[in-house]
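What follows is a group of structures, each given as structure tokens.
Below are two complexes that have chain A in common, paired first with chain B and then with chain C.
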Partner chain A sequence: MIQALFLSPVFSPLFSPLFSVVSHGLGPVFSWIFWILFVAGVGWVFWRTIKGREVERRVIFLMMGLTVAGAVLTGIVLPVQETVVVRNIFDTIENLEEGDKVLLSLDYDPSGAPELQPMAIAVSQHCLEKKLKICYMTLWGTGGAMIADVITAIRPDFPELVYGEDYCNVGYRAGNEAVLKVIATDFRKTFPTDVSGIVLDSLPMMTGVTACPDFSYIVAIGSGRPGIKEWVEYVVEPSGALMGSGAAAVSAPQLYPYYPQQMNGMMGGSKGASEYEKMLRRGYPKYGEFRAQATEIMGPQTVAHVFLMLLIIFANISFFLAKKRKGASA
Partner chain B sequence: MKRTIPWIITIVTGFVLVIAEFVPPWGKMREDVLIYFQIISVFAFFLGGGSLLKINLQKVFSKRTDWEYALVTVVGFFVMLALGLFKLGNPEMATAGYAADLNANGSWFKNLFDAVKAPLSASMYSLLAFFIASASYRAFRAKNSDATVLLVSAFIILMGQTFVGVVATGWMPDWVSFFKVENLSLWLLAKANLAGQRAILIGIALGIVSMSLRVILGIERTHLSGGDE
Partner chain C sequence: MADASPIGIFIAGVLTLGIFSFLYKDNPVYKVCEAIFIGVSAAYWAVEYFYSALYKKFWLGVIPPEGSGADPDMWLWGGAILGVLMLCRMIPKINWLSRWPLAFIVGATAGLYMMTFFVSNAMNQIASTMQPLIQDTFLATLGSFTVAIGTVTGLIYFFFSKEHKGIFGGAAKVGIWFLMVTFGASFGYTVMSRMSLLIGRLDFLFSSWATNFGQMF
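Our next item is the complex of A and B:
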């Protein structure tokens, strides 16, 4: 959420000099100042709480802002624990054979990008390392820009890629669920051409693809409707296609009913993305040094969660103290 | 008439789609109907755009409160529409003509999207963090047993979503590994949450089936309101 602010194209240039300062030697000093301020702020909130005084909303806003900003600037990176839900997607792609086709649907807009774009990039890198062929599509009008950004991000690592042979982009079609219902049985009926108007039949990688089940694996990454749920209902269930997914953290719990029958794996929020990045780094050492966006996000997210948990604890202490005082005075 | 024709269209479409689902030779007809749906949904953009323009232009011309924002909306609408329709500044225009990819790198449409829409959307979503923090502090209290269960579950999920949970319960021996926060968090999501979500989903699905039947059979006609017979 808030980390999106610091990673957005407008704000990130403003913060990059600070990132640069931190990474050139002032890191530990800045880090100590941040942690001292963090502990002092939390202590102050705790003090007011046990005294039975309310903490103003704007103070909480300020502290949350400073907490995440400080965590971003200190560059905290924490270890990531892998889970089987994410590993299933990685293993499925790992076990596909060279030349197999993967359909990657990016159904989100810039608000979901900080969580979901790292998934799309990591899955794309993995597929291309395995020499799989990727077909990108989207059910969201804003998804076209997301696809363009993913392709721009991965191209430098794979300069030999040929459009139409190794990957293609069929873009967006209006119609939401209707698009899915049609491509489940006839892909070309909805997508006769790619995003630049090139007839799909003229793209070598699309030979033999008539419907969604012709793709060896589908990865739907989405943050709303139409998204993963619609993919399950209109494509996976009727056609039996194999699918994995990547969901925003807020929508992930609603999708667990479809795991593992309808989708064999799911990446939930930044945590799921960071797990995938970790598996990618372990399986392909060349990614050891690459800028793992989700892993970087997990540090600030963890600190924000800790702050949130402390607030909840303090609020409950305050609640019980007030109850006790009330009982004593009655 | 205004209600009868849409009602007949609803009945015919509904029956065709239901029958096509169960009678394989009609499968082709189902696909055709779905293509019609896609075409109609494109017209919805015209309707949406027209409605947006009508409301905002009225606001601008009558100089109602905050008419300046309406002006920004109208200008933004026309600028993006022009850049998208005429592919202005699109590097692919030379090769692909008007079929060029809207989001081609370097196109004015994509640049404006990246510079305005992307940061605005990200910033709006970011603000949630502040409100969640404030709401958690004020509302997340163990007032009764239900609220306590919710609070404990939320706490475990919060810890499980980060490395804090691993650190907090990493010392536990393997024979009680189920109680490690990351495992508890996964259990809550994949078992407890799953049971509740499936119950809700099945309930919703049954509701949709009964509502669809009512619409197809013409018993439910509220969606046709607004016109005279």
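Our next item is the complex of A and C:
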């Protein structure tokens, strides 16, 4: 009964790691050792707090590093709760007709890849399962490598894909907001050729695409500027194109106000990506066998957050105890 | 990392550990890794800008490739001249010329921003906030009330022409709570983002790098 309570939607994010000692790689013994060390470490910090002694910041760094490393090695996987904000993107793609075109803009660099690349892969897999046509682009100079990585990751599952018919990559163009301002009304003016220099008119899937609204759906995945905010300002507002987005967690809170009027859905950080992966796995069971990168991240994420919350609580206890001691000595 | 060579993966892992070493204290290994990162970044961007701006945008725009059917875009010469003027900053006698392209950039950016920013971030945000309080479901209604109360009390907190006392002061305090919850959510998301980076690096070290390391030695 207690386990059922802890695994309920309310408590599971906090307590289910304690019951998920099933390990991916290093075995359940390592998992138990990790949890014992974790509790011992937290207990040691608490003891120091009660005694009014400082805990050096390097010790905190080390403990956080070991906590996350241990959680990664034990391969903790937690249940993911779906939200409407992410579901809207999934449903929009699910309801598109075969042959519809989707514009996927990957506006980030390798530092944003751990949380954004899983989104790009999951959305791409979903689009290709629905037999939609994907046009990749990026507003970041480093985005070209991200697109190449996504294509490399999905190609083995779809060997029948033909470049130019099922997907294409127009790559990067310098100009930030100016690029968006132009493609909102004239796509070929900024992208006359694809990333390899092939004229866009010669790609069958780009027939009929003259501007952004000609794509049935736009998914902008970004971690900064230019990114989702600029897509809303320069493409969605003036052209009325339908857009969903995937944002790095650090910028997600500033972008939620654009939902649902200016974008119909948003994946916020690795949590949003893990929700999308869950929906994809449920809708297309074959993905149950593949590695769900964002879902794997959420276990260590939760453990790190729990550790951080405990540190904040301990720091507050320490603050009030110090205040009390000062009052008593005065 | 799909097509990274074994030696590339090995170097990436060593550099990751070198950067992590800063958490202990500043040290020569970290300095070397930092210098490599800055140097590689600068080189990457130099090549990227040269290829995407000078070659793809300007050169292919002025002299379109055969068979593309595009006409030469002579407007690009205007951008090229402004770009050259920007470089005048390095010549003390005529460095004042670099103010022209700067003025053009500031003016063009302001012009681009003026309407789009106002429409997206002011008018439509106000319209989205002004929704009916009573919605179809209880949760949606609760959400509408929360948005309404949060918006009004948050605005009251930033209204300094009247002293925050009595009912007005109470509303301002409620506004502070809303602001604190917002900042808390923002902090939580920031932690999530940074942890994702750490997890990504550790995952790389424990999977790609460790496997590669085992194969190399």
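Assorted remarks:
Assume the second predicted complex is superposed on the first by the 304 of 330 C-alpha atoms of A that agree within 3 Å, B and C clash if a C-alpha of one lies under 4 Å from a C-alpha of the other, contacts with A are read in each partner's own complex, and residues count from 1 in each chain.
Note that a contact is a pair of C-beta atoms (placed from the backbone, for glycine too) under 8 Å apart; a residue touches a chain by one contact, two chains touch by 3 or more.
Only a predicted model underlies this, so the values are computations on that prediction, with no experimental measurement involved.
Shared-chain residue A:Gly269: touches chain B and chain C both. Using the contact criterion defined above for the overlaid structures, shared-chain residue A:Val80 touches chain B, although it does not reach chain C.
After overlaying the two complexes on the shared chain, residue contacts for A:Val199 are found with chain C alone; chain B is out of touch. Legend: residue contacts after superposition of the two complexes on their common chain; A:Phe307 is shown touching chain B, with no touch to chain C.
Of the two partner chains, chain B is the only one touched by A:Phe319; chain C is not.
Set side by side, chain B and chain C differ in how many residues of chain A they touch, and the one touching more is B.
When the two complexes are overlaid on their common chain A, residue A:Ile33 makes contact with neither chain B nor chain C.
Contact with both chain B and chain C is seen for A:Pro253 once the two complexes are overlaid on the shared chain.
Once the two complexes are laid over each other on the shared chain, residue contacts for A:Ile50 go to neither chain B nor chain C. Comparing the two complexes, residues 61, 65, 68, 111, 113-114, 142, 148, 152, 173-175, 178, 181, 193, 197, 249, 252-253, 257, 268-269, 271, 301, 304-305, 308 of chain A contact chain B in one case and chain C in the other. Here chain B touches chain A in the complex through residues 27, 31, 34-35, 37-38, 41-42, 44-45, 92, 96-97, 99-105, 110, 113-115, 117-119, 121-126, 128-130, 132-134, 136-138, 140-143, 151, 154-155, 158-159, 161-164, 166, 182, 186, 189-190, 193-194, 197-198, 201, going by the rule given at the top. Only residues 1-3, 20, 23-25, 44-45, 48-49, 52-53, 56-57, 65, 67-70, 112, 116-117, 119-121, 124-125, 127-128, 182, 185-186, 188-203, 206 of chain C touch chain A when the two sit together in their complex.
Listing the residues of chain A that touch chain C in their complex gives 58, 61-62, 65, 68-69, 72-73, 111, 113-115, 141-142, 148-149, 152-153, 172-175, 177-178, 181, 192-193, 197, 199, 201, 232-234, 237-238, 248-250, 252-253, 257-258, 261-262, 268-271, 296-297, 300-301, 304-305, 308. Put simply, chain A touches chain B in their complex at residues 1-5, 7-11, 55, 57, 60-61, 63-65, 68, 78-81, 83, 85, 109-114, 142, 144-145, 147-148, 152, 169, 171, 173-176, 178-179, 181-182, 185-186, 189-190, 193, 195-197, 249, 252-254, 256-257, 259, 268-269, 271, 298, 301-302, 304-309, 311-312, 314-316, 319.
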